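Two complexes come next, and they have one chain in common, chain A, joined by chain B in the first and chain C in the second.
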Partner chain A sequence: MKQTMKFQREADPEWSERFRTLPGCERISSCIQCGTCSGTCPLSIYMDYTPRKIIALIRAGFREEALSSKTIWLCASCYSCAALCPQQIHITDVMYSLKREAIQAKKYPPRFPIPVLAQEFFNYVKNWGRNAEIPVVLKMALKSNPFILLSMIRSGWGLFRTGRISLKRERIKRTGELQRALSAVKEHSHA
Partner chain B sequence: MRESNGAVRVGVYVCHCGSNIGAIVDCKAVAEYAAGLLHVAVARDYKYMCSDPGQELIQKDIEEHKLNRIVVASCSPHLHENTFRVATAKAGLNPYYLTMVNIREHDSWVHTDRAAATEKAKDLVRGAVRRVVLQRPLEKGRVPIDPKVLVVGGGIAGIHAALTLANAGKKVYLVEREPTIGGHMAMFDKTFPTLDCAACILTPKMSTVKNHPNITLWTYSEVESVSGYVGNYDVKVRRRTRYINEDLCSGCQECIAACVFKEPKFPDEFNQRLGKRKPIYLPFPQAVPQTPVIDPETCIEFKTGKCKKTCLEACADRHAIDFKLTDTVEEIRVGTIIVCTGFQAYDARRSPQFGYGIYPNVYTSLEIERLVNAAGPTAGEVVLRDGKTVPRSIGIIHCVGSRDENANRWCSRVCCMYSLKLAHLLKEHTDAEIFNFYIDMRTPGKSFEEFYQRLLNEGVHFIRGKVAEVTDWAADPSEEGKLVLRVEDTLLGVVRRIPVDMVVLSVGLEPHADAQDVRRMFNMTCSNEGFFLERHPKLAPVNTFTDGVFLAGCCQGPKDIPDTVAQAGAAAAEAMALIDAGYVEQEPNVAYVIEEDCSGCKTCIPMCPYSAITFREQDKKAEVNAVLCKGCGTCVAACPSGSIQQRLFEDDELFEELEGVLIHA
Partner chain C sequence: MPENRGYLYFPGCSLRATGAAYDESLTETFRLLGIPIEELEDWNCCGATSYMAVDENSAFLLSARNLSIAAQQGGRDLMAACSACYLGLRKAQDYVEHYPEVRAKVEAGLKAAELKPFTGVKVRHTLEILYNDVGVAQIKSKAVRKWQGGKLACYYGCQAVRPYDEVDNPHNPMRMDELMRAVGAQTVDYPLKTKCCGGTLTGTIHDVGVRLNYILLKEAVRKGAEAIVTICPLCQFNLDAYQCEITGDQGEKFDVPILYFTQVLGWALGGDPGKLGLKRCIAGQSKIKNWFSAKQEVASHA
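Entry: the complex of A and B
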């Protein structure tokens, strides 16, 4: 049987405090654990921790659990939770902060496609200035779990047939300037 | 009284206030430093100056060292200036020969550097010593108090305050905006946690008000203006006309029966618009006074002038009905005022996720109060809006509009308990499955927790979580035709969908929309949320910052009936304390005009927040009414020729103090 007790030595209160100073995370301390976020979230039913529990994990300082949860990757940024939260916590921003930290610390679940997708999306846009679904999704599948492509064939073919996705690569002019801008942002965020 | 004939001899007393001051300021060093200042005869430090031994220390020194000026360096004068003035006066010294230095709020509580804080204390004490030398002896003035009281608002707070005062023999004017007194309490069915019938305990008090020889009851009336000052307020009350003469009406209600509208047709405000009334109506059967009202918005005679006026015929010889009646304005003088204007319920339409106004079977708690009431629109039968279906399942959502930064941030304090009460009543009336959705269950009152236990044992479901959405969209065949509440059961950690027939929104309490107008009229202040502010949250909970104006009930903040009644009693006692003293003492720190310097420019007159300055036409000079003046100093600063001075804050005193503070010795 798995033991579920949490020892206080597993908590990182300093991380918790530092996390609450990140932009958008300032009001985490005000959370009254009412569950409005989880109730209104269209994806909470698939999450391992509901958004409310994520807030509780951050406050308790359980960094490991918060960063390696699937929840942060399932968040679709619909902002329903932020709109209804009675304490005006910017929950979507909290999710982004966690995602950012999880990527830096490589804390996401193994072979979990969503962070790979995020990275591939970023790389593609950085290189070409535009998104293209087919190469990005292909890369995501190849780098995480190629079998998920099988489950996408039907809807993929439908989208392709109706012209919603194409094999044509679109690009903007002067991609070099975009890359310079993005690398400036990256430098700044590391400073 | 001992006056300063001869040399000025100052006594300086530095208080440690336990560790409040002593931990940051070296009080001993401050006292030693003060001992060396000019005119200082004695300087001491002591653990608690405000204690009896501390005060006796000052009194003994006045005797032994022939002191004639006292400086106390301690807390804010708001707290203990009076204590030390009384102590000084007891030793035979004029109390205005005392000055206080605030080395707590202004020093030890706001600094962390011990050395610097001690230096600051020395500077402040030096300023005070130089100031106190120049201070003059002053005497308090007295203003008589008119024994009559105005109570504004006829809910349970106003009723209780008025009855308490009237029973003590005071004359009371009770002014109520609605056609009947009773307020929100009259709308409630039962009261928590004892489940007494609200009407059964309220209506006897209402009729006592009506029949009390010491109470003048004016319903359907509003205070229009207030002027004057404590003990002598001049008040104008607009008495809106009901088109029925209250003195002639016998309350037989024949007119209502005779109205050309055979059936009630217009939404009934008292029943939360769930029922209907006629253009001529009595809000509810036990209304006080028992005089109907004609609503000119719906009465055919007012709209077209072509009504058969069957009501007039029914009234026959009494001639109580008169369509030509107009509003009247009464002018009264009272000494004290108790404001009990109550609250308004949160408008649930402001939180659209709960579906109020969208789905017909979403109700507010106040609507349910009327629905379960035997005198309500359905005679106590709990049915849905279609008028016949009895709900089989009901969801009660707590904290609607409360504890929410998007609505009102405060906890409305009574909703948990009234939601439990409604859960019990609905269960009793319908035997439906009842779900309570709460964030935190707050039952901090006598027998409240026991009531919660009772509900738990009655089989009512409690789900900890705030409902995110009320919808009629069915995700499952079992949800067809129902309202579905989507909520995270935070104790289970899963999102649940719960289909119900009826949703009850436990709406919070908020200040009236026109609370700001009332606040201005009575010269009160408001807290952030808009409730009227008491003078001190703990020690002056029914006083306002305006002398002679008191608060009771939910206009001061959400509270339940027992607390409201207790507060109303306290407000009545405070008013009585003023009345029975017969007069109020006035602080002598008022402004006065140096007439030879006044040019009559009138700059000061509109500046005065208390309308205390008048212009004397005969010699074209400004004159300050010492009774009205509160000593705010606005006119002193505004006068272009410097011809207004304020006692206890004379220019020479202030400049001397400033110099003393700023010159490092």
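Entry: the complex of A and C
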């Protein structure tokens, strides 16, 4: 097994400090590295770093490793870790904060479908106020890996047969109202 | 007991698409119980999981607009059926209340759109409403049919019971089990009842998502369940739509009906099987036809 030695000079302690002030991330410092999160996580076996290691990377200030990990995208937000953490660390929120920073800094693995899906979903809802599965999934596949669509043929047929796929554009009536509100939030966030 | 004035109903995007059967069976169940539900006017996406991964404050704004409309529409609790919608709305409320920096941004957004601030709106999940406001005793007394179908595994999934513990116990929820037993069903002990279905992973990292669903199905069958009952459209979707692709480690195939708890309740309360969205189920159709057939209707619930 390949082990990589990390050195203090590669760390970014200021980032670590700043990260711990984000909503939901305040209790990172109290982590006792017990591994309950990794033990209960249904996806930790597929992750490059387990949730416990992600917390350790943040505390030590290894921003690159944390942001470019697959772990943060495999987290399905089931909140098992957060519900069981003996130190009440909101680990799911920590993962969300990392996802957002990874998208902003474009640090996610290239053509990895999960962040692509998140952004397509975000844009669709910003424009129409509601989600529509077909256009969002199609765009996600085209922008990441079109072969994903092959894996959807069998399930797609079942859904189509039972009238569960709609090509209708779902939208709210007052899209202008929503967009005004969203722009104001954005302006306020950069202020 | 005071008369129930009903609820504002937040269907959410899934219930208007792949989860239509949940919308249909829920509407029928509340009609049979005589409890009015009124759809939230011009509701928008709750800002769930995928949205939250891009921008947190915008996600909270989406929920805040819904809550603001609910406050205007007036005087009733807001009921979400989808677990992700429930959590999206509930979490927005919690974060706006606890983090001044979140509140400032969300309030600026509401103000720009001339939306009123929301106060006093209570967000609740359908399971908790049926359990607490209607109650096991009333369901039992109003049921006109007794469940004659197979044993059920009650699957609660994740976001309805975590991180908030208002819907049911986060580690061993039993309220759906109790409601199913009230209409004569036997429920099996299902240790994976709050394990994750993978959410959108079935569409993105397909093999990993499908594997999680295989584990859920395998354990339900091993415990003697003939069907799985859900309270979330994403859980139902994953277990149902991808079931045909799953071949187990021993080559086993599954044909397990994945039902909404409102389909079982609506049927037991005397609902028209045609109005419960049963034809939208993909797996286990022969069992579903048999269990919900007219033959069973004479069996009154003694």
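Some notes on this structure:
Keep in mind that, in the parts below, the second predicted complex is superposed on the first by the 188 of 191 C-alpha atoms of A that agree within 3 Å, B and C clash if a C-alpha of one lies under 4 Å from a C-alpha of the other, contacts with A are read in each partner's own complex, and residues count from 1 in each chain.
As a working rule, contacts are C-beta pairs under 8 Å (C-beta built on N, C-alpha and C of every residue); 3 or more make two chains touch, one makes a residue touch a chain.
No experiment lies behind these values; they were computed from the predicted model shown.
Chain B and chain C, once both complexes are superposed via chain A, fit side by side.
When the two structures are aligned on the shared chain, A:Pro113 is found in touch with chain C, with no touch to chain B. In the superposed model, A:Ala11 lies in contact with neither chain B nor chain C. Legend: residue contacts after superposition of the two complexes on their common chain; A:Ala60 is shown touching neither chain B nor chain C.
Looking at the shared chain after the overlay, A:Ile32 reaches chain B, while chain C stays out of its contact range.
Of the two partner chains, chain C is the only one that A:Phe122 touches; chain B does not reach it. Using the contact criterion defined above for the overlaid structures, shared-chain residue A:Gln87 touches chain B, although it does not reach chain C. Judged by the touch definition given at the top, the superposed model places A:Arg154 against chain C, while chain B stays out of reach. Partner contacting the larger number of chain A residues, of chain B and chain C: C. With chain A used for the fit, chain A forms the apex of an angle whose arms reach the C-alpha centres of chain B and chain C; rounded to a multiple of 10, it measures 80°. By the document's definition of touching, of the two partners only chain B reaches A:Ser44; chain C does not. Remark: least CA distance from chain B to chain C after fitting both complexes onto chain A is 6 Å. When the two complexes are laid over each other on chain A, chain A has no residue in contact with both chain B and chain C.
Against chain B, the residues of chain A that register as touching in their complex are 32-41, 44-45, 50, 52-53, 84-88. Of all residues in chain C, only 13, 16-20, 42-45, 47, 49-58, 61-62, 65, 95, 99, 101-102, 104-106, 108-115, 158-159, 162-163, 170-171, 194-196, 198-206, 208, 212, 240-242, 244-245, 279-282 touch chain A in the complex they form.
Taken together, the chain A residues at the contact with chain C in this complex read 23-24, 42-43, 46, 74, 76-80, 82-83, 90, 92, 96-97, 99-100, 103, 113-115, 117-119, 121-122, 125-126, 129-133, 137, 140, 148, 151-152, 154-155, 158-159, 161-166, 170, 172-174, 177-178, 180-189. Residues 353, 399, 403-407, 439-440, 464-469, 486-490, 493-495 of chain B are the ones that touch chain A when the two sit in their complex.
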